[in-house]
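Letters A, B, C and D mark the chains as written, and numbering starts fresh at 1 in each.
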Amino acid sequence: MSSKEVIAKRAAAALVDGDIVNLGIGIPTLAADFIPDHIKVFLHSENGILGIGPTPLEGKVDKDLVNAGKLPVTVETGASYFDSASSFGMIRGGHIDVSILGVLEVDEKGRVANWSVPGKSVLGVGGAMDLLEGSKKVIVTTLHTAKNGASKIVKDLHYPITSERPADIIITELCVFDVDAEGLILTELFPGVSLTEVKAKTDAYFRIKENLIETESESKGAD
Amino acid sequence: MSSKEVIAKRAAAALVDGDIVNLGIGIPTLAADFIPDHIKVFLHSENGILGIGPTPLEGKVDKDLVNAGKLPVTVETGASYFDSASSFGMIRGGHIDVSILGVLEVDEKGRVANWSVPGKSVLGVGGAMDLLEGSKKVIVTTLHTAKNGASKIVKDLHYPITSERPADIIITELCVFDVDAEGLILTELFPGVSLTEVKAKTDAYFRIKENLIETESESKGAD
Amino acid sequence: MTKLITRGEAMNYIKDGCRMMVGGFGLVGCPLTLVETLLATSVTDLEIISNNLGEPGKGLGALVRQGRVRKGIGSYFTSNPDVAAAFNRGELDIELLPQGTLSEAIRAGGAGIPAFYTGVGAGTKIAEGKEERVFSDKRYILQEALRADVALIKARKADELGNLIYSKSARNFNPIMAAAANIVIAEVDEIVPAGGLCPENIVTPHLFVDFLVLKEGG
Amino acid sequence: MTKLITRGEAMNYIKDGCRMMVGGFGLVGCPLTLVETLLATSVTDLEIISNNLGEPGKGLGALVRQGRVRKGIGSYFTSNPDVAAAFNRGELDIELLPQGTLSEAIRAGGAGIPAFYTGVGAGTKIAEGKEERVFSDKRYILQEALRADVALIKARKADELGNLIYSKSARNFNPIMAAAANIVIAEVDEIVPAGGLCPENIVTPHLFVDFLVLKEGG
């Protein structure tokens, strides 16, 4: 499994039966492939769909049926369509159980930057702020470090903040942090990942859950 | 024709082809029977219907299909149903061409009181304020005087005002007033009605249209 | 993960002192099976958001007559003399809103909008005690959103997931109340399998609906 | 009283300097026949309210490339490099709103609500210059409604009266824009007789729609 798949799979494992889930672009979209068989979740798309299904087969694309990333999708039995104001009313009104989001950075309070890069013209925000503000639970999925090796889990955000509302869970290819009122708590290390490695690659201050377990190799992993 | 029918017929004559019309309870409802054959108007009901048709025949009543007065109605071909927030969005948003309203009183600026009687508990307003505030044109239909002979077209309202927005036309069994920024203008006398009678029965100050015509008997009436 | 419960089970979600939304325009579109079941319980001290409080002794009117309603928030209570009597005895608190302000406040509550401005009621008795503000030389008043602990609504048909469609003018306040309460219980005439409602025609998507109750005799 | 006009006639309602709403999420649900017809006119200096400004050289993107858009109000222009280029040259003004704030502001414009509060964007760059207010210890910002001189929308099917239904996720901004402009022109794939759409399933009642134009080749 690639790093991104490890993250997506762990995010999917955080879902519970009946959840209404909004998946962001990138790693979050991959989570759809790892939803456990014993639960049923419903995928919401902010462009006006509840009940998104798998990507259509070639030749079966409907040009009127796309997700928020403007990619062709299908719908499941029991799906519904609605207008954009209704869709964002669902988001802002607290009717989405879980949003899984990609980020540029997340800070030591769990706050997210995922919409704008400084120095570039600010020309797109889409639904990023709405989803972070309104979803009951926010799961951040991100590679632990950027291509240049810099930590993406930082003391202070270098990029403009998306919302004052922090994420609830942060999942990287190395570990999982929960977020509470004081900040980050490291709750899981993936198999083969050491606490030393996470400390080295994390700029943000974080607490460590009691009895945190390091497992040495993938084969011993519970995940 | 009864006085109320005279009023209702004149109100219906003020409608134009294609108008979206909301009819209040009482005299306004009667106007539906006098809509000229050569025009087509669409009746809106604030409880969520566009395209109300005639009263159903006995035995053909649908308990889920009532007007804003909670009386059984039918719908015409091309009708639609919507929720209460959408319906009042139409009203407040300026999508209703004409509202025909009953009143307790109207003042010399054309402002209306039609929702609350002083001294009694204020326990109902319904859609009265919305319709007055939001409709493009407001036609007031009222008997000229109350049962005790008091003018219903008054200098100052005795009852709580419904909206700061004045009516556009006031139709009684005696005459028609237009309303402009300065107040009332008497524009029509019904056949057999003298200017003297209107002056005697009207407490409000009003101007008189140039070349206003008094017709002596019903048979000579243009109406 | 079925949402279907009995009318008796539905009562577990209605607690003494709670704030409740009840759909309907008069008795049309009112969840009468749920209201009748509630009448048979001892739940009291209710705050009810509903356009009306039923008719004398009927629907919510029966709750009013039994003195189990602490406060009514709606637009038109004039047609129920019991409401005026209870109000005048000081036993019932009333908050009166223009019908469009009531419905917009409920929609706002469901859509995460804490407050909005409306021109309706500005300069009238309804505006007393409300904040006023001028936009483009016109007066508006501030209205805060309405939400409730539980909403009892009526729909014509549900699918097993809880998607809803309504019947004619019985739609009225039901779809907006479906979004504005912590627990939403929909009384329906009929439940069809998932897929039995066309995705384009669903009025209330299932994410708003917690429980389904079949109408008595429905 | 027919609402059907030609695509050429529709252009009479789009004037230099006007403020226009255009439906669609990217090209999905965008009234492309109307946009293409507009491209063939000389109308310029447009202010466009639309979630995006098309794609590079496509849909509204072609208008941007020709320098005929004065200002864009939307939520996501990042996918069209022409927009960034024109913005950086100072030739295009941009007002960026979170997508939910954009859609709610359009809905408010159609529903006679002058302004509302939203928590989305509070404490971020989006809030700069906006009024802030606290309700129940949480920060919100004030957003005024959006309206336009003309709206170009896309629906799947109309009846002769102008009632509309949409297709899947091509619905998006179209129903709310149908309510929020002085003149509303709907491009449709098909027109059926009155009565051809079920009253329960009509999404946009005909009172919102001024003119119908048939999609090219539709």
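Observations
Keep in mind that, in the parts below, a contact is a pair of C-beta atoms (placed from the backbone, for glycine too) under 8 Å apart; a residue touches a chain by one contact, two chains touch by 3 or more.
By chain, UniProt protein names: A, B, C, D = Succinyl-CoA--3-ketoacid-CoA transferase.
Keep in mind the model is a prediction, meaning the values are calculated, not measured.
Considering the contact criterion stated above, the chains in touch with subunit A and with subunit B alike are C, D.
Looking at B-C and B-D side by side, the one with more C-beta contacts is B-C. Spacing of subunit A relative to subunit D, judged by their CA centroids, is 30 angstrom.
Averaged C-alpha coordinates put the centre of subunit A at 35 Å from the centre of subunit C.
Listed for subunit D are residues 104, 107, 111-113, 118-119, 166-168, 199-200, each touching two or more other chains.
Residues of subunit B in contact with at least two other chains: 75, 81-82, 85, 88-89, 91-92, 134. Inter-chain contacts, as defined above, occur between A-C, A-D, B-C, B-D, C-D.
Across the complex, subunit D is touched by residues 17-18, 20, 40, 42, 44, 50-51, 75, 77-82, 85, 88-96, 134 of subunit B. Across the interface of their complex, subunit A is touched by residues 25-26, 28-29, 51, 75-79, 83-84, 87-88, 94, 96-104, 106-107, 118-126, 139, 166-176, 203 of subunit D. Considering their complex, residues 1, 107, 109-113, 159-161, 163, 179-180, 194-195, 197, 199-200, 202, 205-208 of subunit C touch subunit A.
Listing the residues of subunit D that touch subunit C in their complex gives 104, 108, 111-119, 135-136, 138, 140, 144, 165-168, 198-201. Those residues of subunit A that touch subunit D in the complex are listed here as 45-49, 62-66, 70, 75, 81-85, 87-89, 91-92, 116, 121-130, 133-134, 160-164.
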